[in-house]
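We call the chains A, B, C, D and E, going by the order they appear; numbering starts again at 1 in every chain.
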Amino acid sequence: MGSTGHHNHESSPVDLIGANLSFLGLAALLLGGIGYGLRNADATAATFAILLLAPLFGFLFNGLRFRSKNARLSGSVATLAAFASFLCSISLAMKVGAAHGAVSTKFFDWMTIGDLNVAAGFTVDKISALMILVVTGVGTLIHLFSIGYMSHDDRPSKYFAYLNLFLFNMLLLILGDNLLVMFVGWEGVGLCSYLLIGFWFSDSEKAAAGMKAFITNRIGDAGFLLGIFTLFFIFGTVNFAEINQRALDIGAESGWGGPMTLACLFLFIGATGKSAQIPLYVWLPDAMAGPTPVSALIHAATMVTAGVYMIVRLNPLFLAAPNALHVVAVVGAVTAVTAASIGLTQWDIKKVLAYSTVSQLGYMFLACGVGAFGAAMFHLMTHAFFKALMFLGSGSVIHAMNGEQDIRKMGGLKKALPITHGTFLLGWLAIIGMPPFAGFFSKDEILWLSFHSPLGHWGLWLLGVFGAALTAFYMTRLMALTFWGGSRVPNGVHPHESPPSMTVPLIVLGALSVVGGWIGVPHAIGHALHVPHFLEHWFQGAILGIPGLKPASTALEIALMGVSVSIAGLSSVAAFVFYVRRTELPGKVAAKFRGFYDLVHNKYFVDEFYFGKIIDPLVEASRNLWAYVDVSFIDRGTYAVADMVRGVGSVAKTVQNGNMQQYALYVVLGVAATIFLILR
Amino acid sequence: MPNTIDTILKVSLNHYLVLSAVLFTLGVLGVLLRKNVIVILMSIELMLNAVNVTFIAFSRYSGNIDGQVMVFFVMTIAAAEAAVGLALAVLIFRRFKEINIRYFEHLRG
Amino acid sequence: MLELADYTFYFLALVTLVGGIAVITAQNPIYSALWLALTMVSVAGVFVSLDAWFVAGVQLIVYAGAVMVLFVMVIMLFDLRRETNAFSRGMVSGFLKLASAGIFLGLIGGSIYNSAETVFAPPPAELEKTADATKALANTLFTKYIFSFEVIGVLLLVIAIGAVTLSRVQGGTHAKHD
Amino acid sequence: MNALFAVILLAIIVVTFGALLLVVSGMLGPKRQPSPVKDMPYESGLPGQETKDTKVSVKFYLTAILFIIFDIEIVFMYPWAVTYLDSVKAGTGGYLLGAMGIFIALFVIGLIWEIKSKALEWD
Amino acid sequence: MGVDAFEIVINVVKLLVIFLMMIQAVPILVWVERRGSAFIQNRFGPNRVGPLGLLQLLADAVKFLFKEEFLPRKAVRFLYYAAPVMALVPGALALAAIPLGPPIEVSAFELFGQRWGPYVFKLQGYDIGVGIVFILGVSSLGAYGLLMAGWGSASKYSLLGALRASAQMISYELALGLSLVGILLVYGTFNFYEIIAQQQGPLSFSWFGREVVGPWWLPNWGVFYNPVGMILFAASTFAEANRLPFDLPEAEGELVAGFHTEYGGFKMLMFYIGEYGHMIVASSLLAIFYFGGYGIPGLPVEVLEAKIAAGTSLGPTGVSVLTSVVSHLALLVKLGLFLWIFIWVRWTLPRFRYDQLMDLGWKSMLPWALANVVVTAVWLLLANSK
């Protein structure tokens, strides 16, 4: 456990006892699970139970002592819980690998209503195995990071409780073997996201950001629910395996009005909400109001990828609805470019990263849209590594700058924060797609398949490359303004390197950002190096291949790769020149294209559009409805009913007079009557 | 026929059930008639005990241990109920200096 | 022929019922509580007569030893003496209450009588006695009812917190300070 | 002989014996000669101050409540403890330990809460 | 069932004898206490009446009998008189459930021209399968005697003493109950005979599936498996019996004599009988759970019986009786030792303050007992795993 060094809170002996005993409890939990596993063949169920219960235990532990200010204790327990989950994830992933298929368990029947039979069942297949590894692994690191980051906060216990609750819900979302369990997790992570964005709710802007996220997500959730209903209507089941099997049996449908296409589109609306795609992406940049580790965990690495995960999980269904896939691809590509362009003009370090996240998620959807689900998962994973890294790095920077987030007031932090800078550098290289860093492999696979796949189009490829160029530009700009060049740090702020509990996660994630991509070396290169495409082998059987994929020409693939890499490289060199060598240039360019710059800087006025054209008219219409329909018509009716009820009530209320012995008498008489009826 | 009387007096499941029913009714009467909250709580304990007798009797006569487990749970709940009930009674007493069930009417919203 | 066990049962039943009647008629709550303790003890005896030794022991420990001590303590704490009118007022409602309790008892008695033929069967072979029975109990408790068991744990936690919090309301630490 | 009967018998014997002793010592001793001073409750020789308001700390009652709750938790451990060794030998000990581990963890949380909330402080 | 008159008579006699044993142990213990305290405090103690002052107690008892009856003003008559009687019950009921020696096997014999037996008589009032639970349950009734006395006397000191005593009793009952869980874990039974049987012979236990056997003279006692439990158990029995250093309820300096302030004469003696009964029960339990009960170290009961059979010319009944008597003497030796420790501690240690007492019970002993349970359970799991 990393020490938080000088930020030592007073820890009373009771707290220490609490710490030790709770570790004991966790240990007992683990021991119990392992013992249970040893006892009977159902070790799987035990592993699942620990995997899910450990974060829940952490939530209860921290939630019950939410007033505590002992960040170290709360954080340690929470981190330990996350780590326990991570160990279970490894165990489950190994099982999946050994079994070459899904491993599942059922705890109990959740509900049985008519034809609907939903079990609290959980399953790990190759897709979710990767996902839980990422979520719990990155989650553990971020929990660890938070111990240092939240050490000065007033309510660290509450924070860690929420974080653990989030982890629990995320695992529900991932592991649920049917849409309803997933939906429970889906809503749960939404709730935790809301709670954590508005964690510093005394600031009304931050509280508003939380609400914005929640409401925007609700719109998506409505779509998601409609999707579930549609699927249940078509197939009579909500189980993933069954849905996918039926979809395979039926085969691809053409046209726009088909039920599967409809369902897919509805589900995709849900995905745009959760994964911040056009048109529902507006909440994510605002969500940066939350603590930075939260941004790293929820709004970069895990929750926002839920939409991608859901589509990948249902890949046979989506493949059976090619038109829906086209929509997914186009929305993804457009989002990638739009968000990247907004990222060019932001001054808030976290906002830049937020738009970058939206843009990268766009790439994942682009991959899904062209049928390259494996590539989407691949990019999801590498993105989790480098984006979590960059968010944590930005957290470290903000921590060092005493809460300052404006990159105009930074610069030259390379010296003060060597570890942060070094790891951030790795993240930067990964995201702009420099070989051999992680981002290169995953992004390249997406771009190549968007060009080559029969579901793809050269236009999509072009958008992708353009987006990559923008990405390289704004990320380089961020690096340059934050770490390089001369210092613009205001007087009185003395940046310092963060404690080990914060730098250790950075280093681990930095290492992963370098090597994370090597499990998916493209065939064009791998063939020469004799490195296989591990990930493709891993996903075999879980993810369907792209239908009608022709064998590729290696030369073409390498050529396209060269194009995208060199464009990205050029773009970053340009950014370097703009922001380090000739710092007067950006201003000139902005002045020259004033109108366009303002448009981009104000995020294309999307928020204003939403408010002006959708929210305000809706409020106005509601007001009119209230004034005319409600007051004059409905209210009168209800008042009449109410008067009637009141009349009856005034008679009946003598019965309910608060005399409990009379109530007891009624109970006795009721029981007597029941017995009489039974006896009769 | 002394034999018949012996058959009737020979203890069987029904004897336990009757004992339990009478005990339960006593508890009911206590709840209905007494004013003191503490005595009412005691009457509730009486009823729970009566139910426990039934559980154990059925468990014994059907050779099924589940009844005893249930009694275990009932006792736990009863103790929990007594703890909270008495805490409430203490509050009432502090407020009114007397523990009359009628004071709970003041709880009306 | 009646055996010793039968006489034992009748003795215990007598003590139980006398105790029960005394609980609801005693004018002084402390006598009510002490009578109730006696009833609890004799109910434990009834459990023993049904070969439920362990549950009887638990009855003694939990009810007679803990719950009733709490009752007695609370009564002593508040110095509750003889009550001049221990029963709720109202002739009509009192009569109604008595009558409904009578009806209730009659109906239960009737149902027991009705099922006499079915339930009047001789007892099955005795459960294995004592320790083995306890182990059977434990096995059922920790397998079939494991979920309830853990929930009970949570419930007790809640009660522990709740009861203390309730006793804190208004902040006073002494009963008669306010 | 029936153990239950023996217990009841012994209880009756003890109570009879005690009552007998009381009666015998009452008969053997000198006649009661009450006087107001003699009948006063002993308060270390000072004149008695039997006010109705004996201040008794609520702590006693709080202790009793907490005792009940923890006592039940302990009682739940008895069947567990008795069957534990058998289970360990049968290879299911880990499961039982886990089941009780959760329960004990809740117990510990409760205990820590009580200690931290100062419900157990006596001044 | 072979229940006949002979058996019934013997069983009733057993009950009476055990009860009387408890009662007659009290004068002896009081004498030991007074002489012992005198010895510790370097004075003489009672030494006038009879040899070594042994008859002092007889004199005291006679004096108690002839005391004037006394009933405080405002006292609740029934409770005031019932309390001392109630104080006798838990100790007596608990003591009768404790096995004092191995069962006596009586082979068949002729008497009054009729054939009797064979019989097996256990050296205890009644054999209850769940003996431990029974004793815990019965001794938890002890609080009533105190509370009735405190309330019935209508005296401030009595009431405070009673409340303190019962709060203390219940506080330590938790630690007591939890420390027993350790023993239950080790032996896996509630039955005293089985617990004692498992402690016969040399120390032997399994360690990761391997059987470890100690030297023949090292007995297989519970104290070696559960030393922490032993200490906790012993300490909480001190508190349960209201003995120093836990005698707050009767703290002479503050509360005069606690709940029995208003009692005199034989009624007070009955409280003493209850208290000493408690001590005897506690000492026996200590001996049974942790020190082999009536077993003699290095000499299991069967071996003892075989040696007696070989060394004497008695019939099987005689051998059995002699075995039981010898074993019972072994238990008595252990009991005497523990009772002496009770007395020794009383005159050696100072008294706790009340808040220290409660802190010790709740914040120290309870967590330790809990840790003992967990450690024992984990240890058993590890030691028996293969």
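For the reader, a short list of remarks on this structure follows.
Criterion: a residue touches a chain if its C-beta (ideal position, glycine included) is under 8 Å from a C-beta of that chain, and two chains touch if they have at least 3 such contacts.
Just so it is clear, the structure is predicted and the values come from calculations on it, not from any experiment.
The remaining chains, considered with chain A omitted and nothing else moved, are all joined by touching into one piece. Set side by side, the interfaces A-C and A-D show unequal numbers of C-beta pairs in contact, with more at A-D.
Comparing the CA-atom centres of all chains against that of chain A, the greatest distance is found for E. Centre-to-centre, using mean CA coordinates, chain C is 29 Å away from chain E. Averaged C-alpha coordinates put the centre of chain B at 21 Å from the centre of chain D.
For the pair chain B and chain C, the distance between C-alpha centroids works out to 5 Å. Chain A and chain B, compared by their mean Cα positions, are separated by 53 Å. Among the residues of chain E, those touching two or more other chains are numbered 128, 133, 159, 163, 166, 170, 173, 177, 189-190, 367, 374, 378, 381. For chain C, residues touching at least two other chains, in rising order: 5, 49, 54, 58-59, 61-62, 65-67, 69-70, 73-74, 76-77, 88, 97, 100-101, 104, 108, 131, 134, 137, 141, 152, 156, 159, 163, 167, 172, 175. Within chain A, contacts with two or more other chains are made by residues 17, 21, 24, 28, 31, 35, 661, 665, 668. If you check the complex, the residues on chain B that touch chain C are 6, 9-19, 21-30, 32-36, 38-39, 41-43, 45-46, 49, 52-53, 56-57, 59-63, 65-66, 68-69, 71-73, 75-80, 82-84, 86-91, 93-94, 99, 101. Within the complex formed with chain D, the chain B residues making contact are 72, 75-76, 79-80, 82-83, 86-87, 90. For chain B in complex with chain A, the touching residues are 28, 31-33, 101-102, 104-105, 107-108. Contact residues of chain D toward chain A in the complex are 91-102, 104-105, 108-109, 112-113, 115-116. Residues of chain D touching chain B in their complex: 58, 61, 65, 68-69, 72, 76.
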